[in-house]
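Just below sit the structures, each encoded as structure tokens.
Two complexes, one shared chain (chain A), two partners (chain B, chain C).
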Partner chain A sequence: MHTLKLLSSFFKVNVQMSLAYRADTIVNILLNLMWLGWELLSLNIIFSNTSTLGGWGFGELIALLGVFRLVNTIMMAIIWPNTEKFNQSIRDGSMDYTILQPVNSMFLVTFSRITVWRIWDLILAITLMVVGINMSGDTTTALHILTFMLLATTGTIVIYSLWIVLIALTFWFTKFDNNVTILHALLDSGRYPATVYPVWLRIIVTFIVPIAVATTIPLQALRGELNSGQVLGFFLVGVVSFLLATRVWKAGLKRYSGASS
Partner chain B sequence: MTPTIIVEKLSKTYQVPEREGGFGAAVRSFFKRKYKDVKAVQEVNFSIAQGEVVGFLGPNGAGKTTTLKMLSGLLHPTGGKASVLGFTPWELKPEYLRAMTLVMGQRNRLSWDIPAADSFLLNQAIYRIPDDQYKQTYKELDELLELEPLMKKPVRNLSLGERMKCEIAAGLLHRPRVLFLDEPTIGLDITGQVRIREFLREYNKRTGATILLTSHYMADVTALCERIIIIHQGQLKYDGGITDLSHKIAPFKLIGVMLTDADSHDLSKYGTQVRNEEDADKKYIQVKAGDVTRITSQLLADLPVHDITITDPPIEDVIEQAFNQ
Partner chain C sequence: MYLIIKRLWQVNWAEQWQYRANLLMYLLYWLVSPIIYLAVWTSIANAKGSVNGYTANDFITYYLVLLICDQVTSNIVIHIFGYKIQDGSLSGELIKPIHPVLTSVLINNIAFKVLTILGFIPVWIVLFFLFRPDFSHVALSGILLSIPAMILGFLVSYLLSAAITALAFWTTRVYSIHEFYFALILLFSGQFVPLPLMPKLVQDIAQYLPFQLFIYYPIQLILGKLSSAQIVQGYVSGLVWLGVAVLLFNWIWRNGVKRYSAVGA
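Moving on, here comes the complex of A and B:
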């Protein structure tokens, strides 16, 4: 309950902050729309030559694009701005104030900045997903949609955990500004279904780098391609990665309080 | 009654990477790093009773900030114990964090782009301050610090002094019972400094809060603290009344004079010449407090004096001097 109240407070403050710079906000919205147009255009170019990609139809790819954009939105609206603030707070010492607030520091560090105008992006992502699912036919059931939602949440948690580990490394290295660039590079390849890649690359992509967990796997669940064992397996991956990330964060904090001056 | 703050043999040793100057050394140190132990705080003991206002002094690098950071919970000590309000600070229990505050004059906690009022409301949510209590506290802070005119401007448009007032207010919204203040008046104009002092005294009187503060301004310390603790090179050097200390180590005054032809006069016969980096136009001499009147009139009679000032030596210098003797 308090967490929700805090989130809404963060949201309010971020609305206030983004309204402080009008031109910046307008330019960002325009850029965002142009980027979406480019994405749709490039998919169209691919499909003017082939009707499927790795066994996936046009509607399914639109849905995948929706999931990808959802991940991308989280990236741009939450991960980027918070990491930027985090890196800066390590350098200028304002991390000290963050640690001394009576709120879980991991929560504070990861949610206090929200790029609020990305809300349009969120709407677009969801629209793409809904349209894509409709276009791909009438194969979906309520159970498939529920599984899809569960695994999409799991995928988000996996990415969140990966992010926590990457930024927590800053506690050891002091300067590690490339933390998000790495994460972004990993996630960017998730835009196309994992089956497009050769097997060896798919294995790396699925198991070493969990991008597919966030994009392709939820969609496979929607298509009813996963059995219950696989669903449970992916769910457990999410839980375990979150627990691990929390551990790493705590160790990082301890390191910070042992080494900083 | 148990003291609010108890510090027993508190120690902190840092490992600092160290290398020789030069290109080759830089490359070598990339592969094999050498560390040097720096003993920032060594077995410091003291205790502070509830409601006390204590000045924490020492030259730069003495270990003041390190000690404050350990007491607020930011740093794990390498040895010893500390207890504040019955809590071990570095366990960072939320109940502890809600009962104390750390205000650092050199750090910002307010968001740059929005008015302080918005950041205050965020703090209200973070510290779970009930609305009526928040309003009451805000009203009191406003009375003493005149916050209202500052509340509507984005923080980036405030002057340094105005921003400091807001920073201090932000740190006190949750009515902490223990205040750790690291240079709280730095950059404030005289009125601002006095107002902060009055505010802290009043806050201390009304709430019985315990205050431990460091400051470069002697006036802060003399106005607020009956007791001071001096730390030098990580070790406790003095713990006691401020009057005893000033008798012991600050019986000096600085006289600064601006002369028509500065270079042709020798001031050393009037007192020890000292340098003052902040005011290079004047020549400064240090004299015993009892001799100030005599030497001033002598200077005015003997030399072509344009301007003359009499000040207390900077507290850091006095302490440095006293313990280097």
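Moving on, here comes the complex of A and C:
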């Protein structure tokens, strides 16, 4: 309850901040629509030259685009703005104030900045997923859709955990302000099924920077390609990576000594 | 003038060298999309034998050459110059007796380019061994012909981006305008896929735009896919666009500087 209250007040503050830039919001949404148009056009170009991509149909790629946009929205709306604030707070020592609050510091660092207009993007992502699942036809069962939602959440948690570890590293290496570039750079790989990538790239996007865990793998669950052991396995990976990230964060906090001391 | 350029080079080289770790990150960032497009299209070509006459090897050679052409012809003017108009630090440059955009910004951009290309060479060699392209049909004449074409492409791309950046004299939303311009390049330059695989309408419009000079035209030159008439036609359109870009930039710049009143003045 306490957490929810905090979240809603963060949200209110961020809405107020963004209301100061109303015209920017409209321009941003227009640009966002432009990129959606480009993404649909590029899928259309691919499917005017072939009927399947790595065995996946057009509808499935639309659903994948939806999942990709969901992950992308979380990155754009929460992860990047908070990374910026976090890196700044390590450099100038304002992290002190965050730690002094009687609230979980990981929670504060994650949610204090929210790019509000991206809610629009969230709606778009969900629409794409629904449309994509409908297009990909009759073979999808309710169970597949449920495992899809479960694994999409798990995958997002895995990426979130990696992010926590990456920014926590800043506690050890103060000058590490490139901490999230690797995540940012490989994000685009989530637009297409990882199964079409060469082996070395598939290994990178599955195990090192697990973008595919949040995009390709949920879609594989939707297609019914995963057995229950695999689903359970991915779920456990999500839980374990979250626990690990929390520990790394706590260990990092102990290293923090403020900017002036 | 030679001395000025030499000094500018030393200063800007040192400035860029300072950020060499960032350059590597930039390189990583820039590399991902073309590699993904390559993977997607080779997988389709492998599954079907060929796509509209393009075999898997055609796609591999296309994107590996694209990495080179894009590295040479692209520019970062908006990033090294946009903020100077907005925060007023342009004033210091305006009182110097040299054109800021055509000297120091240009040289800074070239220093950046040389450094990223140095970092890019080993990466390209690794990609070469990962994808094992068959470059047997590439001739020396094509490579030689492509060098002036890429320089021409860079000049046009640089001046057009500089013209867009100079819109910052009027609007604070210049980064959004630039994002739109970037999408146009993506659509019409052949960056996503060789132009003949694009919808007919896109191909037709691309003929009247400068963007294929940045990517598609130099790639086709290197791969030796153009007839001599097409080569001449490409160069002529490059020169025409260079003229247009010079005029456009000059016009926007002159009017912009007149409007300019530094922050705080």
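FYI, the second predicted complex is superposed on the first by the 256 of 261 C-alpha atoms of A that agree within 3 Å, B and C clash if a C-alpha of one lies under 4 Å from a C-alpha of the other, contacts with A are read in each partner's own complex, and residues count from 1 in each chain.
Operating definition for what follows: contacts are C-beta pairs under 8 Å (C-beta built on N, C-alpha and C of every residue); 3 or more make two chains touch, one makes a residue touch a chain.
Model, not experiment: these values are computed from the prediction.
Look at chain A after the overlay: chain B and chain C fit there side by side.
Once chain A of one complex is fitted onto chain A of the other, the partner contacts of A:135 are absent, as it touches neither chain B nor chain C.
In the superposed model, A:24 lies in contact with chain C only, and not with chain B. Of the two partner chains placed by the overlay, neither chain B nor chain C lies in contact with A:122. After overlaying the two complexes on the shared chain, residue contacts for A:244 are found with neither chain B nor chain C.
When both complexes are overlaid on chain A, the residue A:99 reaches chain B alone and has no touch with chain C. Using the contact criterion defined above for the overlaid structures, shared-chain residue A:49 touches chain C, although it does not reach chain B. By the touch criterion defined above, A:9 reaches chain B but does not reach chain C. After overlaying the two complexes on the shared chain, residue contacts for A:231 are found with neither chain B nor chain C. Within the superposed three-chain model, A:169 lies out of touch with both chain B and chain C [touch as defined at top]. After superposing the two complexes on chain A, the shortest C-alpha to C-alpha distance between chain B and chain C comes to 12 Å.
Taken in their complex, chain B has these residues touching chain A: 14-15, 40, 66, 69, 72-76, 90, 92, 94-95, 97-98, 102, 104, 106-109, 111, 113-114, 118-119, 121-122, 125-128, 154. Note for the complex: chain A touches chain C at residues 24, 27-28, 31, 34-35, 38, 41-42, 45-46, 48-50, 52-54, 178, 181-182, 184-186, 188-189, 191-192, 196-198, 200-201. By the touch criterion stated above, chain A contacts chain B in their complex at residues 2, 5-6, 9-10, 12-13, 16-17, 20-21, 92-94, 96-97, 99-103, 254, 257-261. The part of chain C that touches chain A in the complex is made up of residues 21-22, 25, 28-29, 31-33, 35-36, 39-40, 43-44, 47-48, 51-52, 130-131, 173, 176, 179-180, 183, 186-187, 192-193, 197-199.
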